[in-house]
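Below: one structure, written as structure tokens.
Chains: A, B, C and D, in written order; residue numbering restarts at 1 for each.
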Amino acid sequence: MVTAREPMASLDLPAVDDLVFGGHDIRDQSIEETVEQANEAGGVPNSKTLDAVREDLREIDERVTMGTARKCGQVVEELSDDKATNEGTLAEIVSQIRSDYETFAAEQDVDKLVVVNVASTEPPIKGDEKFDTLDELETAIEEDDSDLPASSLYAYAALVDEHPYVNFTPSTGSALGGLRELAAEKNVPHMGRDGKTGETLVKSALAPMFAGRNLQVLSWEGHNILGNTDGLVLEDDANKEGKIESKGNLLEQILGYDHHNAVRIDYTPSLGDWKTAWDHIHFQGFLETKMKMQFTWEGSDSALAAPLVLDLIRLIAYADEHGEGGEQPQLASFFKSPQGVDEHDLSVQFQKLYDYSERHLNDAPSGTVE
Amino acid sequence: MVTAREPMASLDLPAVDDLVFGGHDIRDQSIEETVEQANEAGGVPNSKTLDAVREDLREIDERVTMGTARKCGQVVEELSDDKATNEGTLAEIVSQIRSDYETFAAEQDVDKLVVVNVASTEPPIKGDEKFDTLDELETAIEEDDSDLPASSLYAYAALVDEHPYVNFTPSTGSALGGLRELAAEKNVPHMGRDGKTGETLVKSALAPMFAGRNLQVLSWEGHNILGNTDGLVLEDDANKEGKIESKGNLLEQILGYDHHNAVRIDYTPSLGDWKTAWDHIHFQGFLETKMKMQFTWEGSDSALAAPLVLDLIRLIAYADEHGEGGEQPQLASFFKSPQGVDEHDLSVQFQKLYDYSERHLNDAPSGTVE
Amino acid sequence: MVTAREPMASLDLPAVDDLVFGGHDIRDQSIEETVEQANEAGGVPNSKTLDAVREDLREIDERVTMGTARKCGQVVEELSDDKATNEGTLAEIVSQIRSDYETFAAEQDVDKLVVVNVASTEPPIKGDEKFDTLDELETAIEEDDSDLPASSLYAYAALVDEHPYVNFTPSTGSALGGLRELAAEKNVPHMGRDGKTGETLVKSALAPMFAGRNLQVLSWEGHNILGNTDGLVLEDDANKEGKIESKGNLLEQILGYDHHNAVRIDYTPSLGDWKTAWDHIHFQGFLETKMKMQFTWEGSDSALAAPLVLDLIRLIAYADEHGEGGEQPQLASFFKSPQGVDEHDLSVQFQKLYDYSERHLNDAPSGTVE
Amino acid sequence: MVTAREPMASLDLPAVDDLVFGGHDIRDQSIEETVEQANEAGGVPNSKTLDAVREDLREIDERVTMGTARKCGQVVEELSDDKATNEGTLAEIVSQIRSDYETFAAEQDVDKLVVVNVASTEPPIKGDEKFDTLDELETAIEEDDSDLPASSLYAYAALVDEHPYVNFTPSTGSALGGLRELAAEKNVPHMGRDGKTGETLVKSALAPMFAGRNLQVLSWEGHNILGNTDGLVLEDDANKEGKIESKGNLLEQILGYDHHNAVRIDYTPSLGDWKTAWDHIHFQGFLETKMKMQFTWEGSDSALAAPLVLDLIRLIAYADEHGEGGEQPQLASFFKSPQGVDEHDLSVQFQKLYDYSERHLNDAPSGTVE
């Protein structure tokens, strides 16, 4: 976890052990079964860990209720047998989600509810400018506008009741103008999009090197293979579209010029939860000499994502505690497409978090009383 | 070139076209022949470029005189047929080099002489603390101490006559206490060691990513193969020693903990001037999950080094012009082992150069007249 | 060249220096210009070679006449400005090609004319069973059937006049039943399809290792990037289809079971004539342990293909000389989808060629007289 | 297992379930503990498998007795606390080993005893010609010649009592002239050396491709990193020497010419039982165009070796059953340096095993009686 490092470790963040998990899903498969499959297919988590948390997983499962799959694309709908996932008007769905949140918070007696979107990637929506103001958005909900995706409904339900919200996926979530307005008005912190766990993380560390050395990138080809349900959903061209975008765009921002830049994602079931990315970077130096760098990144998708989700929960709860609403630029390093932040150089993004933490540490009363 | 980028490009640096090249060598082989071999073996530079600069290369050759190979190790001595390269007392050698510098400067009528060490890597010296003061160093020269290596003689000859000095190699050069004292006393800028052109450059961009994300590096294995004379000299275990050190040390500084960290260098003649590095990084994340990243870097050694040498000449001449003597931390990003700088994070090093440049740009009179 | 190795080198093959080149194209660009671009973009051939053959290239250009682009797909049609490439009835086109062949043979006074298809890849045709007999095929030509592709027209024109024919591309060429019948009837040798120069060559060498060791391949992912006109044409999904097929199919034949097997091809202009393939092989051994092999293959497409084309010309002319008509299984090792041969193990395919050569060497009169 | 494939599967081989394991070791560490460490460090075998065989492992441990470490080099001696491993005269040691073999066979009531050397790699011995005849060898044992290594003592003890013998390591084993004479005289089958499980396996599949296509290999660099005790022992330059030899030599045999060919082995503890090999092959094609292939092979050392050991036990027992003494060329594909076989092309080696199997299947009485 990033929050286990200094200076973040010295912040007064909620303890991991104090977190209580619950949520929505649209599949029936129990978490225990999902984790068992991951253990079988890729050894992560290992059998010892699985046995140690089996009881906890069952308890969490009881706190998971049926969600909505509105506008999530066909492949997501097929994950679920349950017709219910696509039924109801938007107003009914939103009201159900809000009530699910309250029930969970009440039953678990939590101090603060944080909502994190870790659902399957939705296809990007077209024409999001029609949800540019809170007014338009709320009208759309009332009028059951068929273009509003599930991720934005979960986000609306969170923000309207002042729960901090994090979007770990490339889906729309809180990125709509209307939701940013809502968050600002209610002064609730929110941030997204798309956790930066692997290939894109490396890109954001390497591309500044090419830029700083004035080595001109001619082409940057990335090919990803992965075997989990995320991979299955991303097989679908519609759902893949948003992912591709958030994986590729940062290069142009860092390098400052156009170049051939392609990202491929292929579903390779045998890999289970493991993902391999191969990147081929063709660049040009002195006297137009063409050279190349290649890398492979082989990671367990979930082992990379899980600690970041914990970090984000802790850090956004902290921001909320300190009355910091709206987008949270100090969290930029966690995202492929950080909302409200144009900077993609990883080191500069890290620095934002360190500066934020140090500012808070310096501001904090030193705990002494006279 | 880095100096072709903003904000450096706006500094009033000497123009590349105004530079005049000359120097010392201990081999007889003409530069033209060396470049022809590089063209044949690896296509860099290509035939067109070679033909375009052939005449210039011949002129430079006439400005190259015989140097010294003192303490450069057996493999370097074997590069030269000429016994002279190892003869004379230190005092005689130093006086010869100083006079060579002056002759060159006078004949070419240069405004400023900058000395850059791009000679073959020497074996590291033992017991450098006996050259810790200028006094000790000058006594050692007078007494013909057999431990002083060629690189430090060239550096002494430069600094004592107030010529800025850059050490692009892992050799000792100006890193001795006595030479640092001399540079400070005379207020001459100098900087080193070991140009950061390839594998180590990538390390300094990637390691901060692992550190920032709290992904624990378990082992970082690097294997380099290259085919030029640099490779031939580094085949020798004694000469290789210094190189290995400066390629490996930065990881520990960036990561802040010990781990298995090995660097191999193998001479593979068929590669000519091309170098391939393969790095294998084994790291551990959440729940002790072991993952890995691998990269290959395939570059033309000379095409990577040449622009940096030009950058360094321009920037150190500029520093000299502005009365900035001693070590030059703003140049840290160019070196594997930047003298006087502990920071190895590439982005932070880049920032030092940008800050330096902007400071100078802001200080500069804006060119307006009343 | 394979034919420079024993035992093939001892066969009485036509000398490379005796070959005269000519042909059809549908682009206007001169060969000299194409080769100049390849030299600029990727250094193959190098400037010296280019200068040495410049005159020959101009002469060949004069022997190249306008061909037909029937059924070659839109992207091929766009390569040519000339409307003529798509005009005329099939009967007119065939008669033109036959007359072009005769004119070339007469003007150059060649002993034997060999036709090799090295044109851009066509989209695969649907319903090729309607050309299953020579009768059906000739009727289709008379009736101007819009489904017959250019490659089969060039092949028909060759075979009907008893010129040996080689198809170095994945296009249909002589693979139609009707053309096989024609070749058999006229006893003309012909062979195809799709030169095996890179990734697929490696597959046919490696897959038998997995099979022989009973290591179960779970998935074999291949990703190809290339920058030449071949790459541009293969960007088009229709044209790519045939290529993908012939790159993937052999694995199933060698391994003998189904597995996840994907091939990607991406056009990356900066690579010029260079192609990089990255393959990721996930396999399972003892106790279901999952392991992996990855390889990259970085070759100059043309430098890999050219010698094989020369080999094939020499070997098929030889077969023709010896009265061997129909498909030529001894040439299987040269092709991704060898016509009439099910064996894909490279070593076994090589053995076919060695056996063929040795049979001929043993049969040949030993040159002694009594 | 290779013997699970046809045609070997149809041979009347001993069933795996009927095998009983025992042996010598010089370390105290129990097998259970070794396997537990492998499970922890690299997940092979996984926890389920470990639990399933735990009891068997304990039983095998009881059948393991103290062996000898004569001439195994310092690093092997350090594996053992027990002085006994280096004590006794050769005659005493041999007699002890023979009696250990008999005790095991008697107690377990086995039909046939097969001895397989899977001990740590010894340093290669110098001057093995002094053991060229059985006479010389037996004299050396009597005279306690300090140059005879442990592996040859275990081999002698096996062969003299007519137990088939397999050497899975690069150590000397039965490769001495005197032991080959003994095996021939007694008509006992034996074979070695050095199981071909990874990098070298790939080399023997790929090198024939370069040879057959007349692509000239300029250099073949191999770099291996591994983390188990095998790696620890191979850290020692003396012990590594034999391994390097058997990993490199085959290329020259297959290619038929000299080239730059280097193999590196580094101990990287974090990898546990996993081994990664990186190979870089630089080759030259048409018009001297230089191209390259690179591969990585990432395998679990033990999961790759174990099935081959089972295969070899089954196949050498079968050979013994059929009265086939001396070296066993049909087993060449299993070894990096197959004794008595010059052929290194993997496919040709596989073919030897298939031919052998089919010959036996055809010879076998069809099992019918009238």
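Keep in mind that, in the parts below, a residue touches a chain if its C-beta (ideal position, glycine included) is under 8 Å from a C-beta of that chain, and two chains touch if they have at least 3 such contacts.
Please read all numbers here as calculations on a predicted model, not as lab measurements.
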* **Pair of chains joined by more contacts [C-beta pairs], B-D or B-C** => B-D
* **Contact-pair overlap exceeding half with A-B, pair selected from A-C, A-D or C-D** => C-D
* Structure fact -> When centres are defined as mean Cα positions, the distance from subunit B to subunit C in whole Å is 50
* Structure fact -> The distance between the C-alpha centres of subunit C and subunit D, rounded to whole Å, is 43
* Structure fact -> Here the gap between subunit B and subunit D, centre to centre from mean Cα coordinates and rounded to Å, is 48
* Structure fact -> Shared-interface residues of subunit B (touching two or more other chains) are 46, 294, 296
* Asked: Which of the residues in subunit D come into contact with subunit C in the complex?
  -> 1-2, 4-5, 44-46, 49, 201-202, 205-206, 208-209, 212-214, 285-287, 289, 291-300, 303-304, 306-307, 333, 345-348, 350
* Structure fact -> subunit B contacts subunit D in the complex at 218-219, 221, 223, 225, 260, 262, 264, 266, 268-271, 276, 278, 280, 282, 290, 294, 296
* Within the complex, which stretch of subunit D touches subunit A? -> 43, 46-48
